[in-house]
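Got some structures for you, see below.
Two complexes follow with chain A in common, the first pairing it with chain B and the second with chain C.
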Partner chain A sequence: MKVITAYCNLRAGECLVNGEVVARRDTGSEDSWFKQIYKQHELAYPKFYKMDVLSQAGYLASELIKRANPGISEVYADDEIALVFANASSSAETDRRFIQSYQGGGSPSPSLFVYTLPNIVLGEIAILNKWYGENMFAVLPKFVPGFYLDYSRILLASGSRALLCGWLEVTAGSTDVFLFMVEEKEKGTEFNEENLLHLSQTGAVAAY
Partner chain B sequence: MIYIGAEVIVSPLGDTAEANWEALSVNRTGIALTPAVGFNKEDIHLSRIVGLGGPLRFQQLVIKALAGLKNRIDASILTSDRTMVLISSTKGALDDNLHDQFGETCSAVMQQFNLAHLPIVISNACISGVLALNVAGNMVGAGQYEHVIVIGCDVASDFVLYGFQSLFAVSDKACAPFDAARNGITLGEGCAAALVSGAKSVFKNTPLQLLSGTSANDANHISGPSRTGEGLVRSVSRTMQKHGIGAEEIDFICAHGTGTVFNDEMEAIAFDRLSLSEKPLNSLKGYFGHTLGAAGVIETAVCMQMMRNGMLIKSLGYRDAGTSQPLNIILENEPKKLRTILKTASGFGGGNASLMIRDL
Partner chain C sequence: MDSLKEDLKKQIIEQLNLEDLTVADIADDALLFNDQGLGLDSIDALELIVLLEKYHGIQLTNPEEGKEAFKSIDTMAAYIRKRKAA
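The block that comes next holds the complex of A and B.
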């Protein structure tokens, strides 16, 4: 049976792993919300500071999932974990910042430009973990469980043994991040439409 | 069997696959020196479609390509619940709506062609097109849809040009993939479409066979190619294994060949590791420029034309060997029966993807 073995919801004011709050935003802090999580969880990956918000979100959520589900890198070969991510607004937030870098007198910023593609976050996660598996980034109007369910069937039938999936919507006005790990297990939270919809909403109310 | 056919190419070289083929068969390029378009008003080589202007350029191209494809298939499948449309693109309609680069186009296409489903956008940098064709093949193979239409499209923009200029990655001449004097990419715009289906009868002209492939990340760098070609090696070897095809069966490789020093070197290393160095190989970037999310679909459609016309097309811009591992770059057009071809792509984010097409 395909099971959701760990998940992380990252929202405007809270970060939850498997439904438990693991970080709360300190609105008085000078640090960005993502930096607060990075520090609170004593993560050590200086490249984090170079990343755009999409990659930071994907990095944080994937690291927290790995902590909740240790050993996944050992259980699977380096090309058996596929990454399937999606969002609605592509890399719009970084695109906007890149445009700002060259409009109004400045020069186009190469360090922003390299993040103006939504799939860069997949590259960051692959680099960090040395994962050589399948990658896909789709742009969809909203989170649809069917997209992940359909594509996971294809991947799991063609060499991938586990999936790290994600919905990563980070814009100036909203943070809606949901990452989840799908593996083959005897029991657990079944990877189906109902459970995905339910888990994707974790913490949604508390944030408002 | 999974079929691919009804290919359409809309580029500076023409609005149909046949018109593009005519231009390619006489080695005509779409690249031209374009005055004062650079960030510092430099003249830049670009492959731009004459007459494509104003708002909604992305949408115009996607609709044009799909309308062209519609004439080449049993049009009734367009509205079927068993048909999906995939759009591969990097920046979509960025110039029209920064915050929603694909939504309006997807809705417009759905409405205009009466599609049953909203198209899905696949955005994986420069491998988007090959990846989308693979997803299409896999969707049909798994029975999720009977027919999947893939449309690859990207339009020229200041945004992308300035970005590549900031990386010092834009060639000061028309790009010269694999050549010793290559020094960067030439950007292009264009759109291509093809139908992937399990039903041969829906194609008006005989289709080819799609041997859908795999993708693999380099796990190396977000904007620099791997020094070892590891991701490309893994993608190609898995694609060949998946179909039980050995190196001896590959007749031609349509490489990614962007014309940057490091990308082309990475590919040469990968093809050497794969024992594919002696296969006739080209890059089509010298004709179309780098069309980013459209490239994989445009170039696969050209491969299909090469197979249909039994002709290898020379790798435009190449003169002298310029990679540490030798490659068999096609120097002149040459008639040749092509049974099985390999198409590869590599891109930002460390992505690598490959697929094969086979003659029926």
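The block that comes next holds the complex of A and C.
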């Protein structure tokens, strides 16, 4: 049975892993919300500071999922974990910042330019974990569970054994991040449309 | 505190869009291109070359010089002082 073995919800004010709050935003802090999570969880990956907000969100959620599901990298070969992400706004936030870098007389910023594609976050996660499996980033109007279910069938039938999936919508006005790990197991939260929708909205499954 | 090093840290944060970092987060001897330091890469090296010209009027054309100069804030400051004294 395909089950969701770990998941992370990252919103504007709180971060949950498997339905448990693991960080709350300190609105009085000078640090950004994502930096607060990075520091609170004592993550150590200086490249985090270079990433755009989309990659920071993907990095944080994937690291917290790995902590909740230790040993994931040892269980599977490096090409057996696929990444399937999506969002609605692509890399619009960074695109805007890149435009601002050269409008008004400045010069285009190479360090911003490299993040002007949404799938860069997949590369960041793949490079960090040395996961060389399939990956794709779709831009969809909204979170659609069927997209992950359909695409996972194709991937699991063609060599992938585990999937790290995610909805990664980070804009200036909102943070809506939901990452989840799908594996073949005897027990767990079944990987189906109803559970995905519920977990994406509430961060908890009422009943298995 | 060495004001050149302080300025360099501010300029790196500005030039490389590292808004989440503060001057206090960057040690003078931290290796800029090492994963244990700032984790910069080749794209950032371009930004550092631009930074040297933009803020300090120094053109760096020899890649070997850059390799040495961009090791850390300490080496960048020493390189700027050497070039300005020449």
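Going forward, the second predicted complex is superposed on the first by the 202 of 208 C-alpha atoms of A that agree within 3 Å, B and C clash if a C-alpha of one lies under 4 Å from a C-alpha of the other, contacts with A are read in each partner's own complex, and residues count from 1 in each chain.
Criterion: contacts are C-beta pairs under 8 Å (C-beta built on N, C-alpha and C of every residue); 3 or more make two chains touch, one makes a residue touch a chain.
Only a predicted model underlies this, so the values are computations on that prediction, with no experimental measurement involved.
In this superposed model built on chain A, chain B and chain C occupy separate space and fit side by side.
In the superposed model, A:32 makes contact with chain C only, not with chain B. By the document's definition of touching, both partners, chain B and chain C, reach A:110.
Of the two partner chains placed around the shared chain by superposition, chain B is the only one that A:136 touches, whereas chain C remains out of contact. Once chain A of one complex is fitted onto chain A of the other, the partner contacts of A:102 are limited to chain B, with no touch recorded for chain C.
After the chain A superposition, the centres of chain B and chain C are separated by 80° when viewed from the C-alpha centre of chain A, nearest 10. When the shared chain is aligned, no partner comes close enough to touch A:19: not chain B, not chain C. Contact with neither chain B nor chain C is seen for A:70 once the two complexes are overlaid on the shared chain. Touching more residues of chain A than its counterpart among chain B and chain C is B. When the shared chain is aligned, chain B comes close enough to touch A:151, but chain C does not. Applying the stated contact rule after C-alpha superposition, one finds that A:89 touches chain B and leaves chain C untouched. In the superposition on chain A, contact of A:119 is made with chain B only, not with chain C.
Annotation: superposed on chain A, chain B and chain C show a minimal Cα-Cα gap of 7 Å.
Residues 107, 109-110, 114 of chain A lie at the contact with chain B in one complex and at the contact with chain C in the other. Listing the residues of chain C that touch chain A in their complex gives 15-21, 25, 35-40, 43-44, 46-47, 50. The touching residues of chain A, counted against chain C in their complex, run 31-32, 34-35, 45-50, 97, 101, 107, 109-112, 114.
Chain A makes touch with chain B in their complex at residues 78-79, 83, 88-90, 92, 95-96, 98-99, 102, 107-110, 113-120, 122-124, 126-127, 129-141, 147, 150-151, 153-154, 157-159, 171. Only residues 39, 90-92, 94, 98-103, 106, 118, 120-125, 131, 135, 138-139, 141-142, 144, 159, 162-167, 214-223, 230-231, 234, 238, 242, 348-351 of chain B touch chain A when the two sit together in their complex.
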